[in-house]
């Protein structure tokens, strides 16, 4: 029976930890607000008092935290991962953080005698629940192999992409493409609308052709209804575009279309749509 | 038994006319180079000597011509459509032309007592052969209803979008979205490549997520192999982007992302890739 | 004594015609609203009843009209230039029109036996009054030489740029540069303002360095005061940018920065600033 | 008699220190390569062995260093400024560094009991020699007042812009405007050239009108001759554009035109023009 730790039981994390339990794993959990552990405990999980206690008692600990600040706090803070890791035990950080933060955490874990894997995911609430996330792992290869049964309980597509940092970079690249698609989509809907074409017809034509995508199908209908409840907040998309532009700067890769897209999303943020779904860019453009 | 004329037997047109025959229709054909009619005649089509003869002998005549110049020549030229149309007979121009050309042809057909429908298609060789084109019809509604059995033999999705010009505008809008997607895709592949990510991994991640699309699946593999054989030439994409920007100008719709994309494709043309596939934009960006 | 006709006595034209009189020329004038001729007549000008009468009675006739429509009406309309021109007499159209309109007028004048020069100007009311316009002439070289004494009374810098159309193209190129400068300037003022820098300090630093320009000096002060009274309307700047992008399209010249600038000015038009000065772009950006 | 220290005797710094001597100041100098102090000593300067010795012996020490790394080394390194500063003595760093580096140095100087002023300059070799730099000071106001006699010997325009960081931000804002102007200028020259207009004519028209600027006058002639010897290297302009975009990101200011310009300059870097003058952007665009 596989034994894993799991830290961070937000919307994503609790769904992912449940999938570990469903797959028959033994799971030790910790969350900053302890009441969020109740559901998991009811399903058979063990509750630990600190991240350090999780890391000390499990061969491999997964984490899914809200942002780089939370990821750093859980690792470096009082009773954090660093105080429990060691003896080759593994830490798999699945939070979305920038490559620099990831490398900093990984370096510290290794310095303490642990092993480290970054494994940010692509996909939001529904795929987390369904165990169909895309997992972009990078770092220690032996840890990857040992963590695989757990990763496979949470995701449908798991890749090992190289050294720590490559998972974060893959996520940035793919989100940059997504941002560009959304900008093109919103401009198309706005232009078509002004030309007198019915939005439903435009969505129909797009859905029937080579550019059809699950994102257009889902977001198109919501945009048509004026629903912008955040699945992926606009400000996070803009942050990823900023990171992509910065990556291009370091690597000498001009990104004219992504730069124009980034400024559009910045305009969306300036217009007050930062906390709405990234498809709220439509409101800025139309 | 439905009886249709069909004018223009290039790669697209001959496949489409064959689908009319397969559906059991009686088809009269004409092509500027007469040898291209042979295949169709062998399959049961009748050959006419001029466009005028087709239009005069069939209740409804379809046309699929290479560009606006050819579309105008077939309509207004010697022994052209205008010399045969009349008495309520219908002309359905499926060529991709700008809205102005379409309106000019439609106006002339109606002035001669005919009925007119523009019906540009989305999809290239394969969907034309399979009868799975998307047909963007606009114009005379009664003609649309009568032509529907023929359109259904050629396409899987047929829409009536309003007055003449709306079909052309829909095509421009959708191709603008396609151009933006391609620019984002090429920039993503180039950036990921420079970051040391394997192209196959990037394509894998894209294919597994919400932004997956048939276009990325098809073109991604070809780009990875360096194959840019034209399915849709880069210069045609740039022309459609130019038309989209111009439409936005007339309608007061700013299109910052599409404008950046248009300049990228112009750069592709300037670099000599105009006659390659529009995915050859990758060569400019990488 | 030089004898010239002058057609079109708006703000620009009346100032220009006065400079011809001040230079000792004999001037015959016509204006659509006849009362605008009174000032000129009081200063010694002769009034004619139609454009045709001016063109028939003067060796060289200048025109300064509001837009391409007015320029076409004065040339092709009833009692227009074409009814009076001929026998090698010259027509110098100083209106700002697109190259195509200019070529159409020039072709018609030459077909009637006249000679033609386009001569759009750079500069607005003040330089028109001071006789310090920049005159971008193109077309018949002999007419240019003969018109020079008149042109020198109106401008401080007079160039002959080649065939008809080159004057209009030069104006488009220079206005494109001007539009790009204004966009950069407005973004700089907005960014600096958000960073807490005083606008007066930014203007001071710019004025003291290598990028100082009369435009920044004049417009900077007005922007700081929120004054956007049109000297050059925003919608005209956007039109020139559109023409520049179109020229780049025909000539295969990518223009990424100008395209971004064009979309910004389109945004200014969409926000309702089209009839204000083109520096009102600041209101969109800030 | 004013007494100043001066650290960093490169092209800029040696010219600036000479102007202090010419103005009758007593100057103590230090440079990493000691042979560069010889000229200054021959003109009356005193040579010190370390930055610490300069800072310990002069009421106010100026520094003009090549980049942030050099600025940090001189301040924090062995025998650096921090080992000599204190007792209210002043350190005026005139190097071009990002706001964060400037704040870090300023904070350390103050923590040691010194006073700090950042004072980056606008202008290159010639204005440094002529004492006509523009000096963008920010930080301790009393130090500014006391340093003013020295600053006035080096610059023609000296501003105090607020807290430490504002000088660096002003420089970024102004260089962003400069970059946008250069992009517009290069696109204009390239477009005009393709349209068959003579470069000399375009430069003439620009020089005669409202957009004339010393930069266009100087760079236009050099571009026409294909001379791109670096006065301000392209890679430095791109770095400043990156910083400006980043500043806009933090402050919520969309910068569509600057972002397009930044990607053009990145393209220039990718094409290998990074060490040439920033006007070498022309080679990328044309």
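Note that the chains are named A, B, C and D in the order they appear, and that numbering of residues resets to 1 at the start of each chain.
Operating definition for what follows: contacts are C-beta pairs under 8 Å (C-beta built on N, C-alpha and C of every residue); 3 or more make two chains touch, one makes a residue touch a chain.
All values reported here derive from a predicted model rather than from experimental measurement.
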Maximum distance between Cα centroids and chain A occurs for chain C
For the copies chain A and chain B, the interface residues, called same if over half of the numbers are used by both and different if under half, are same
Per the C-alpha centroid definition, the whole-Å distance linking chain C and chain D comes out as 39
Per the C-alpha centroid definition, the whole-Å distance linking chain A and chain C comes out as 55
Listed in rising order, chain B residues that touch 2 or more other chains are 248, 252-256, 259-260, 263-264
Seen from chain B, its contact residues with chain C in the complex are 242, 245, 248-249, 252-256, 259-260, 262-264, 266-267, 269-270
Contacts from chain B onto chain A in the complex sit at residues 122-123, 134, 136, 156-157, 159, 161-162, 166, 169-170, 173-174, 176-181, 183-185, 187-188, 190-192, 194-198, 201-202, 204-206, 208-215, 218, 244, 247-248, 251-261, 263-264, 285
